[in-house]
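The structure's right below; bear with me while I get my questions together.
The chains carry the letters A, B, C, D, E and F, assigned in the order they are written, with residues numbered from 1 in each.
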Amino acid sequence: MFYYDGKLQYPVRVETPDPRFARALQQAIGGVEGEMRVCLQYLFQAFGARGPKKYRDMLLATGTEEIAHIEMLATAVAMNLEGASSTMQEAAAKANPLVEAVMGGGDPRQYLSAGMAALASDANGVPFDGSHVYASGNLAADMYSNVTAEATGRALACRLFELTDDPGMKDMLRFLIARDTMHQQQWLAVIEELGGHQGTLPIPNSFPVKEELRDVSYDYVFTGIEGVQPPQGRWTQGPSLDGMGEFRLVAAQPMGQEPMLAPPMPQAYAETQQMTGAGMSGTKDESLS
Amino acid sequence: MFYYDGKLQYPVRVETPDPRFARALQQAIGGVEGEMRVCLQYLFQAFGARGPKKYRDMLLATGTEEIAHIEMLATAVAMNLEGASSTMQEAAAKANPLVEAVMGGGDPRQYLSAGMAALASDANGVPFDGSHVYASGNLAADMYSNVTAEATGRALACRLFELTDDPGMKDMLRFLIARDTMHQQQWLAVIEELGGHQGTLPIPNSFPVKEELRDVSYDYVFTGIEGVQPPQGRWTQGPSLDGMGEFRLVAAQPMGQEPMLAPPMPQAYAETQQMTGAGMSGTKDESLS
Amino acid sequence: MFYYDGKLQYPVRVETPDPRFARALQQAIGGVEGEMRVCLQYLFQAFGARGPKKYRDMLLATGTEEIAHIEMLATAVAMNLEGASSTMQEAAAKANPLVEAVMGGGDPRQYLSAGMAALASDANGVPFDGSHVYASGNLAADMYSNVTAEATGRALACRLFELTDDPGMKDMLRFLIARDTMHQQQWLAVIEELGGHQGTLPIPNSFPVKEELRDVSYDYVFTGIEGVQPPQGRWTQGPSLDGMGEFRLVAAQPMGQEPMLAPPMPQAYAETQQMTGAGMSGTKDESLS
Amino acid sequence: MFYYDGKLQYPVRVETPDPRFARALQQAIGGVEGEMRVCLQYLFQAFGARGPKKYRDMLLATGTEEIAHIEMLATAVAMNLEGASSTMQEAAAKANPLVEAVMGGGDPRQYLSAGMAALASDANGVPFDGSHVYASGNLAADMYSNVTAEATGRALACRLFELTDDPGMKDMLRFLIARDTMHQQQWLAVIEELGGHQGTLPIPNSFPVKEELRDVSYDYVFTGIEGVQPPQGRWTQGPSLDGMGEFRLVAAQPMGQEPMLAPPMPQAYAETQQMTGAGMSGTKDESLS
Amino acid sequence: MFYYDGKLQYPVRVETPDPRFARALQQAIGGVEGEMRVCLQYLFQAFGARGPKKYRDMLLATGTEEIAHIEMLATAVAMNLEGASSTMQEAAAKANPLVEAVMGGGDPRQYLSAGMAALASDANGVPFDGSHVYASGNLAADMYSNVTAEATGRALACRLFELTDDPGMKDMLRFLIARDTMHQQQWLAVIEELGGHQGTLPIPNSFPVKEELRDVSYDYVFTGIEGVQPPQGRWTQGPSLDGMGEFRLVAAQPMGQEPMLAPPMPQAYAETQQMTGAGMSGTKDESLS
Amino acid sequence: MFYYDGKLQYPVRVETPDPRFARALQQAIGGVEGEMRVCLQYLFQAFGARGPKKYRDMLLATGTEEIAHIEMLATAVAMNLEGASSTMQEAAAKANPLVEAVMGGGDPRQYLSAGMAALASDANGVPFDGSHVYASGNLAADMYSNVTAEATGRALACRLFELTDDPGMKDMLRFLIARDTMHQQQWLAVIEELGGHQGTLPIPNSFPVKEELRDVSYDYVFTGIEGVQPPQGRWTQGPSLDGMGEFRLVAAQPMGQEPMLAPPMPQAYAETQQMTGAGMSGTKDESLS
């Protein structure tokens, strides 16, 4: 169960409202790298957690923190859309300052649909999409998913930092960037607890290794045509990270057949010619014979 | 530029076609853990790669391999929808075996929209969605994103392995599972090349650390209310993984204000009462009595 | 800022796990009538609230309650996917009980993508979609949107009630149905506070009424062709609910012109014939004969 | 069955074509508050209507009217993208006036995909999404859904009114705003016919009230932590609107257990450590014992 | 402007309601091959039509007919979900016939969200998506798009015909199949009016041919690697269909460079190593050993 | 199986990077008319091809070519986002040139999410959507779908040609436009091989014509109300294109009944009034009697 106190986790101040920045901030709310995604991802991972209870609790605590980040960012959007600012005054030189504010690089739906507030969408107005809520039931897979979310999330926050000169906004981002620093490492700390690469790889580590086709488990398959140089690196030599094999470089080569599907069944209503091969105007199709 | 040879990377055989399994396989084609996603993700990361050329090449090679995986799986779907099989014969006991095959746990669109072939969708018929093609421009973030994709992808393949008894299908999955084993470690090998945790964290490592609010960079913020036990682990103590701090446990506490937005501007067309605050409390509604 | 205690708002018990019901429950999590939607809708309305503070607080409190409803339902899904139940035993009579459980009317992704847990999707596996998070900035519009959400939400919960015989699940739904009873009336109570129909209509009531084309503000426009009987009711006669007019029945009739757009501009690359109008009629097509 | 006459319901005139306004108008076509949604919503409610025939007819008539609104708005978009206007001339000062018109705040797809015409999308180019077509089968729920659509729709139209100075566009919007005034009240008139709050609440009113957990049916559950003031209002006191209870204020408190899911089943392929709790490097997990 | 008469274009009868068929029918309503798509596609093409008026009128008339097809199919869905049928009686042998009807191959949302009626979705419950409403502003492109829609639409209707034994449903489909026969040819008749292949190709025919790179305008580029046989046919020899060239077979060969993007700019926050290239190879990762 | 050589099919040069054009180019990558769509469409048609092998091969070869087009366009996007250009210098006059570049008509996610590279999205940032991958299993339907894709694709490329003055970009588009010229005709050549209109129509031609309702197979149904002139053309007279009938003009007229659905079943939880018709406040509903 959940509770609130109505205060922001960290102060949100905007000295110079900027509708363009309000649009950019949407990416950190409803974008694939945004806070709605991490919030829901950690909560769903917690709600479905099986196994040691402490991971459920850890996820619940951080998922709950992330709601507060959505709150901060939504507040920041609303404040960037407000009132008589230097940005707006500059725009006011134009015929219709509202048009300039809303249609001149801002998100028109922040005005049209929300009356100057945040949306559950990204910086292009694409609605938040629940398919980005990864909760696989495998703890290691989920931890890497969380690291990804925090790594792209921190990159996003750093890029937003470059798009604003507002001291309040920069201050808020400094806080969020620091939280992402922690969260990246928090999930990697779980991987460490699980034994690092050797303790977790290959993910899932509960699938019997003998069931996989071990012949190709450590091959870097190079698909370049003749004459192209294969890219070499740690992945083409040395022991595999799971400690169970040796990386090697292998040129791609088909092991399988040329696929030949059955002809269309009558109820699939292909064209007659697909079924008979006959009657193709002036064309003798020898591939069917 | 790209080329093909028309052969499968690994043999695809189906002894007993099974429309239900054909539906489940869709997840490995168009699902968020599927091959369309990894294929396009690696290709887009390659197309946008900046920096050392070898990573671009490595991504290109593996992205190209993944097209062959889509090909294998799409072939497997089509073959599972074919002809006179024991499954179909069993279904034939019913009034209309086609109905049973298509509507009895299968994906109706494999018949209705594709005439018994694969779709660019997941196991619930949700179309493939390009927002899952992560290519952040940050190599470390992308590598973790790729590990995630291969970890959830291998979990998916293992689960599919449990849903079929067909020797041909199990054989194909053994191959795909092994390839995922390699690909997980391939991307982690890049992290190793980049210097591991200390070389890459916090991601992006090019943002000046002094700009972030270091006070909270290693705090595990515990949002449980009073009386709830905080989950302890590697993330609440010991040196941070980037080697620059010390983890600690901190109880959540608001540092920010209670947000107070400006009143609605007239052009936002809120209700009058929101703007005036008048006449709102103790109002007797007579219109509905 | 937000907090958690790790306990469920109301007990969730499942006596007979039922994967089909686990699929149906998804609608109450990620469906358009579901808890993710109301939760986020109330929170975003709160985060963007302008005007009297008490509405922001009220929204925040109830939005926070709804997180707990997601938690209950996600727990219920996970429990319905568990272990050795009579349903599973019945299924076990089949060749592969896992196949039967997952593909026989269940959501395959609860297994394939989540390892037997809830998804952020609806009962057809369609991901939660943030465009359903309505927060218009107009308090009356938002209240009606919330009533709608709780009315369709309660209908959904009642229908789910019919799909299960499990006493634990029925008990949980009794609780959720009762909460929806409250929430419907909570938002209508705000309308009452705002002065009911006369105090709020037409929404937004801040737009100067004289600016609208009053001639048609209370006309029920009947678009039936000649000979069709117009449906009569409260909407065709009597005073309008806003107290400013009189309803009447009016037959549809065009007041406007037949639209005639300008010809295509050259850079739009229409077909030449669209631009010249030449050679279009009576043309004999010899290319295909 | 349906018919057309090729004329507009109300005149659409554009004196000064404005590509930015053409983009904003898209929200009223394909946005969640737009005409495609209400049109299809009323038609689907009619097509699925069960019970008194007059409601089906009423919905059919108004759904049919809304097609004409799409026609008007699509025409308005096309006209705003046309020819030699003062806006375009102003833009013509730039190097490439087409670039300025299309990429300077307009919707590039109106040119790129439609050759200067309307799309079935919103103001951010997000395609119309059929999940917003609410038709619940419950008349009262549907009426509130329709009120919501017309309330947000009228707010949208009023906001669009502020974004244009074109007399033709303002005139068209005056008409559409007036129609929304009517349509809001038309659906509320049905609620009145059904007996108002007491006749319809709780929705659905056909669910046996005794089956719900009446103890919590009129509780305003306050989730603020200690020290936060609960928001009071009509919803915390007085008789409930359905006339069957009394509102009261109740502090949130968990009635349920701490959820404890079963361990992962082997076929779900969690990490081994999730199943055994053992072998976590250097970590003694006591929560499992 | 539009009108209705409340009658169906063709009788809809259902002798034996079948919830599975009700699900399959959804594809013909909200699927990519369905009636919502053609209806809106023809209407949007009409609304944006530029050039000879008769094409606008033709599109308007047929777009209006298609609304009646949605009406028929939505009615058919609702009737297939009804009452005491042999199918339902058969299901009634099960513990809970409603569960069997709704979850046993049907669309659960037809019950859960619509109370036994049609949705604006496809056979997998994926909502109708406005991006399939093609209206390019180029008449020939649009006509081919319409042919595609009617060709896949007729294939769909034929396949639905195989999924039902109900005489009423078969009769309705016979009508819809016949209408698709007409509509396919109606759009092709426009191509004939425009002068057939030579009159319309290449589409758009208004782009100055000399501006395109004529060297490759009639080459069938064969991307098979060495040893693979090129597929020969009408497309590898003979005059091009536009009458302006000669088809030929050409082996794929890169004409372009190996792309080399600029290094990441600092504000893009790549990893430092991407910018410096330093310390990347032969690095020993000690953090994970 | 697939291979690459790392070189571009045709040179991609950008003299003057232009972030606005980088946004417009996205439509040709991830838009409905774009290269991801044709690439995947041809590959999926190949993977599911049944019948004469040569069509599978032809599709495979061209699908593989299209991957190279995505590569070219993604490279073009990345190069348009680069460095010190005259466009950027002009922007540099502004306070923050990065803001101007990213938010002034560009796609903010190319910076925020991709660090200055291409996305798998369209020009409005809407992610690529797999439902546009048409592969119907009917060869003729698929060929028309491919013609449509190449016709709208070529129109798009022509329009992009107008949005740039960069010689390198114009050169690249000249190449792509020429390839679309070929591809349009390649698919029409298959139709010719299949016997043209008479050999393929009605699609699918394998459905027994006698099963369709031949009475309406060649009727142009005119839905205009009395007084509106029917649009006449090749579609209202002359032999049908399939050679089996005669077109004619017919006024729309309902052949079907007024639909009357059964009352709501109790478990659907309509409002009580819908089931009884009674108790509607003050309203005597005669339509139910």
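What we mean here is this: contacts are C-beta pairs under 8 Å (C-beta built on N, C-alpha and C of every residue); 3 or more make two chains touch, one makes a residue touch a chain.
Quick caveat, the model's predicted, so the values are computed rather than measured.
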Worksheet item: What are the chains that chain A and chain E both touch?
Response: B, C, D, F
Response to the item:
C-F, B-C or B-F checked against A-E; over half of contact pairs coincide for C-F
Worksheet item: Between copies chain A and chain D, are the contact residues mostly the same numbers or mostly different, with half as the line?
Response: different
Worksheet item: Between chain C and chain D, what is the separation of their C-alpha centroids in Å?
Response: 8
Discussion item. Could you work out how far the Cα centre of chain D sits from that of chain F, in whole Å?
Written reply: 26
Worksheet entry | Length of the line joining the C-alpha centres of chain A and chain C, rounded to whole Å | 26
Worksheet item: Tell me, which residues of chain D touch at least two other chains?
Response: 1-9, 32-33, 47-48, 50, 53-54, 57, 60-61, 64-65, 71, 75, 78, 98, 105, 111, 113, 115-117, 121, 124-127, 129, 131, 136-138, 140, 152, 155, 158-159, 162, 192-193, 196-197, 203-204, 207, 223-225, 233-234, 241, 252, 254, 256, 259, 261-262, 264, 267-270, 283
Discussion item. What's the contact topology between the chains, one of line, ring, star, complete, other?
Written reply: complete
Practice prompt. Would you tell me which residues of chain C are touching chain E in their complex?
Written response: 20, 23-24, 27, 31-33, 105, 122-126, 152, 155-156, 159-160, 162-163, 165, 223-225, 227-228, 252, 254, 256, 259-264, 266, 268-275, 277, 279-281, 283-288
Fill in: Complex contact set, residues of chain E against chain F
3, 5-12, 32-33, 53-55, 57-58, 60-62, 64-65, 71-72, 75, 78-79, 82-83, 98, 111, 115-117, 126, 129, 131-132, 134, 136-138, 140-141, 144-145, 147-148, 150-152, 154-155, 158, 161, 174-175, 177-182, 184-186, 188-190, 192-193, 197, 201-204, 207, 211-225, 229-235, 240-242, 247, 252, 254-259, 261-262, 264-265, 267-270
Discussion item. Give the list of chain F residues in touch with chain A in this complex.
Written reply: 1-6, 47-54, 95-96, 98-99, 102-105, 107-109, 111-113, 115, 121, 124-127, 137-140, 192-196, 199-200, 203-207
Worksheet entry | Sites on chain F touched by chain B in the complex | 1-9, 30, 36, 40, 43-44, 47-48, 50, 57, 60-61, 64-65, 67-68, 70-71, 74-75, 78, 113-121, 127-131, 133, 135-138
Worksheet item: Can you list the chain A residues touching chain E in their complex?
Response: 155, 158-159, 162, 196-197, 225, 233, 241, 267-269, 283
